[in-house]
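I've put the structures underneath this note.
In what follows, subunit A forms one complex with subunit B and a second complex with subunit C.
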Partner chain A sequence: MTEQVEIAVVGAGPGGLCAALAAAQAGAQVALIDNNRHPGGQYYRQTAREFRGAPSSHQREGAALLQQAIAAGVRIIAETNVWGAFDDKVLALNDGAATTYLQARAIILATGAYDRPVAFPGWTLPGVMTAGAVQTLIKEQRILAGKRFLLAGTGPLQLVLAAELARAGAQVVAVLEGSRVFPRVLQHAGALWNQWERLSEGLSSWLTLARHRIPYRVGWGIVAAEGAAQVEQATIARLDGNWRPIRGSEEKIACDTIALGYGFVPFNTLSRLLGARQEWRPELGGEVPARDAQMQTSAPGVYAVGDCAGIGGAALARVEGQIAGSAAAAQVGHGTADAIPARASALARERRFQRMYAALFTPGVGLYELSQDDTILCRCEEITQAEVRHALALGADTTNEVKLITRGGMGDCQGRMCAHLIAHFIARETGRSVAQVGMLPPRPPIFPIPITALGVTR
Partner chain B sequence: MSRIKDSPEFQRGAPVTIIVDGAPLPAFVGETIAGALLASGRRAWQHTRHGQPRGMFCGIGVCFDCLVTVNGASKVRACLTPVAEGMIVQTQETTP
Partner chain C sequence: MNDRRRISAEAVVIGGGIVGCASAYYLARRGVQVALLEKATIGGEASGRNGGGVRQQCRDRRERPFAIASVKLWEGLQAELGFDIEYVQGGNIRMAANDARMESLRREGAEELEDGLQVELWDRDELRRRAPYLGDVFIGAKYCATDGTANPILTTKAFGWAAQRLGATILTRTEAVSIGVEGARVASVTGRDQDGEIVVEAPWVINAAGPWSAALSRAIGVEIPVEPARSVIAITQRCAPLFREFISSHDLGVYARQAREGQVHVGGTNVPPHTFDQRAPADVLEHLARGAAQMIPALRGANFLRSWAGTLEMTPDKVPILGYVDRVKGYILATGFSGHGFCLGPIAGKLVSELVVDGAPSLSLHEVRFSRFG
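This part shows the complex of A and B:
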């Protein structure tokens, strides 16, 4: 069955919520689809609704936005995956049981991002996980994923997570910051103007770290994880300016959980499926759709906002959402896209912050050189670096060719974990750029869905 | 690998029991299968084709490391799936 809607928004994080609200306020008929139990995305991640407790300020803000959207007439379709996107702006939805199709006149993609996978010896051991996984468990379920945490990564979110862990009674053995942030941050001080909320969150996390005497080691990174059945210790090292470990500086540090917070990778699968032209922009997290000032991609009527179009954080996602929501509504005949001039200064402010963030916290190439020949690059199909090297010897020189030879990237995650890792390795070995080597083309279903769900005809 | 204690400001959902590989595992409504497994101290519940243990990696449904079989349906992501009273979870399955 195919339903019609004027505007379909995919993803109910800050970007999608603001886009849906702006479009509905302009008078458009809007459906907002999200695959989580609770709309809100990552930044507004809500505590499980069966739990009782005082929500954080972020959670209150997200809940209020959701209520506003509902009041404005947005139809919320929760706990539903968008597993495919086809010509004529048709989206395939699955709620775990049945598939339905939604045809829209405009689509706004706000699918967010996921933590950047980093391959190093031992990274598949149980106990190595992403910082987002550790944080989501705390926010949503009040569960600690381990006892003794090592945080390895880059950026201020690591401080926030360390503080949350400490407050919850976990031990944090160290926070490793790969970037030599000081004193470079001073060159960007201007971008911190008007970011008081962020600064105060950063300061309060910092004070919590100090109070709990958690070491914050700047210019350090993870090199390996070791353990029999799970993580027992990590090897860490001082990094040079390109994030390459400095030989001789290694230290062992005991821990049972390693949280990797090396930034995010944009979730651009749906914009690719819809034919939007992509660009390779490492400073924005990787491959992202090109957009105009209205947040429209090269596919007419397909907009992309927030982290799925370039990592920029929740505040930028909100502004981009407002602009796209109003522009898409105007496109289908409601209102006049007046959010664009109205939000110009907020957009400029958040773009400044985004540039500072990228300048300070984009990982150096050394991060992609930690893997050894016996390190797994593709977790799903268990393809090692040596197997990828072998494929190169056979003449492959793109990520897609390596996939055909090795099966690397053919697993359930469709290469979302390994494509960056394999592409960087090929680029290094062949002397080509990551952009030339390319990412993997997605194909529906982008999430495995019950076989019965495929049988439903359009 | 523990639940943060309830406090006057915060309480979990109602207690339930799920069956994991035939044995009862206490959990609370609102938790995911992965949350309940981790809270019980279990870090790994999947084995890859090559016998490597895996558990939760991404935590948000992207990596597919955490797959379990739930009430007979295979390839269910434990990190996204909420527990329910009497739910039957099988681990250790290798994907064919």
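This part shows the complex of A and C:
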């Protein structure tokens, strides 16, 4: 069965919520689809309703935005995956029990991003996690993933996570910041103007770190994780300007959990499936859809906002969402897309911040050179770097060709974890750019779906 | 850039699918200096996207001897190509869900035995005993023990690598754009790659370009009656070992095999014609899911992980075209495999090499001749 809707918004984080709200306020009929139990995405992630306790300011803001959207008439479709996109803007939805189809006149993609995978010796040991996973467990389930945390990565979100962990009673043995951020941040001081909320949040996290005497080591990074059955210690090192470990600077540090926060990779699979032209933009996290001023991709009527179109954080996602929501509503005959001029200065401000963030916190090439030949690059299929190297010797020179020969990228993560790792390795070995080496083509279903749910139509 | 390079060879193959790569391999093995032009990558189209079945049973009678001869080659292929192509002779089960289907399997089985192919007919009880994982919709089946499966991508690539080791020139990302004819004989193939044009001069041209063979040939006045068709396969996440046979049901319209790593590949027996579109439509994926769950009830607990589609080239009678073209000397067609090219690829390649080297093939090509379409 195919239902019709004027505008379908995929992803209910800050960008998707704002897009849905703007479109509904303009008079459009809007469906907002999200795969979590509670809309809000990672930024507004809500604590499971079985827990009591005061919500954080982000959680309050997210809940309020959701209430506004519902009041404006947005239909919320929660706990539902969008597993495919077909001709004539038909989205395939699955709630675990059945597949339904939603045909929209305009689609706004706000599917966010996922943590950038990093491969180094020991990265598949239990206890090595992404910062996002550690944070989700705290925010939603109030679970501490370990007792002694090492945070390795880049960017201010690490400070936020360290503060959350410390407040929750965990020991944080160190926060490693890969970027030599302090001299360079001064060059970008202008971009911090009017970012008081962010600065105050940063300051508050910083003070929590100081209070708990958590070492913040700038210009340091993870090199290896070690342990018998799980992480027992990490090898860390000072990094040079390209994020390559400086020989002789290594130190061992005891910990049971390593949270990797090396930024994010845009989740662009749906825009690719919908035929939107993509660009390789390392400063935006990787491959992203090209867009016009209305956030429309090269696929007519398909918009993309927030991190799925380039890492920029919640505030930029909100502004882009408002613009796209308003533009999409106008496209289907409601309103006049007045959000675009109205939000121009906010957009410019957030883009300035995005550029600063990218300049300071985009990892250098050294991050992708930590893996050794016996390091696994594709963990679903357990494909090592040596096997990828062998495929290159057989003549493969793209990520897809390596996949076909080695199975690397054919596993359950659909390449979300390994494609970047393999692509960077091929690029480094062949002297070609990551853009030339390419990502993997989308292959629906883009999330594993039960056969019975696909065969059964409600 | 050098925009018109020339190389010469004794034979030039168009198309880096299994038929083209096997042709290059067997030609090179016979000492022929061969070049192969492939528009993208080796095994990137239907040869690397098919169900991986290596089947002799349930063939058109004209095609049957080729399948039987090909399986003889398959049996030695792994050792010969020096690569693990995951070939297993796990058998092939064609199920019947109704009496009419069972009756036609019975007739076909009699003919196959007559032609020297060992098959068994199973009634409902035998089917339950031999394949307890199958759903109870089936009333019987026909089984061929020497049929099997292999990894389509790796087999095709292994042929390409083996040909290369024997001295074949494999030009990937090089699209054949025209066939040169001088007098009544082929003289060259012009390809285009990122650096411009490349002319491969050769007295023999083998057109193994599958769905793309017709357009190339039309320009020299040889109309090949092939139509593109889309074949879709969906694959589950890894499952515990369930079955080793290649199984199919034309009543349900699905086939399946379980790969070595445990994923179950599920494909459809009907292929919609007249399209080069390689996107998998939702209704086809639903059909595969319903068929899979009915055919193998244990899959009701499994997830589909991924799907893909490939383009087959169908002839009007769904039997391949293999052999010389009377009007154009040196022009050999090895196309129109109609979805059977993976199994037939090795024998097709060997026969192509015999056409070039010996002038006479070891198997009669009369039934698969181009001129049957008049």
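Just so we're on the same page, the second predicted complex is superposed on the first by the 455 of 458 C-alpha atoms of A that agree within 3 Å, B and C clash if a C-alpha of one lies under 4 Å from a C-alpha of the other, contacts with A are read in each partner's own complex, and residues count from 1 in each chain.
The definition used in the following text is that contacts are C-beta pairs under 8 Å (C-beta built on N, C-alpha and C of every residue); 3 or more make two chains touch, one makes a residue touch a chain.
Since the structure is predicted, the reported quantities are computational estimates derived from the model, not experimental observations.
Contacts of A:Arg407 after superposition on the shared chain: subunit C is touched, whereas subunit B is not.
When the shared chain is aligned, subunit B comes close enough to touch A:Arg49, but subunit C does not.
Number of subunit A residues touched is higher for B, counting subunit B against subunit C. In the superposed model, A:Gly146 makes contact with subunit B only, not with subunit C.
In the superposition on chain A, contact is made by A:Pro448 with both subunit B and subunit C.
Of the two partner chains, subunit C is the only one that A:Tyr101 touches; subunit B does not reach it. In the superposition on chain A, A:Phe86 contacts subunit C only, with no contact to subunit B. Using the contact criterion defined above for the overlaid structures, shared-chain residue A:Gly27 touches neither subunit B nor subunit C, since it reaches no partner.
In the superposed pair of complexes, A:Leu394 makes contact with subunit C only, with no contact to subunit B. Counting contacts by the rule stated earlier, residues 412, 448, 450 of subunit A appear in both its interface with subunit B and its interface with subunit C.
Every residue of subunit C that touches subunit A in the complex is listed here, in rising order: 41, 43-44, 48, 153-154, 157, 161, 172, 236-237, 261, 279-282, 285-286, 289-290, 292-293, 299-308. Of all residues in subunit A, those touching subunit C in their complex are 84, 86-87, 90, 92, 99, 101, 381, 394-395, 398, 401, 404-405, 407, 410, 412, 414, 443-445, 448-452, 454-455, 457. Of all residues in subunit B, those touching subunit A in their complex are 1-4, 9-14, 28-32, 34-35, 38-39, 43-44, 48-50, 52-65, 67, 73, 75, 79-80, 82, 95. Partner subunit B is touched in their complex by these residues of subunit A: 35-37, 42, 47-54, 114-115, 117, 124, 126-130, 132-134, 136-138, 140-147, 168-169, 229-230, 256, 267, 379-380, 382, 411-413, 416-417, 447-448, 450.
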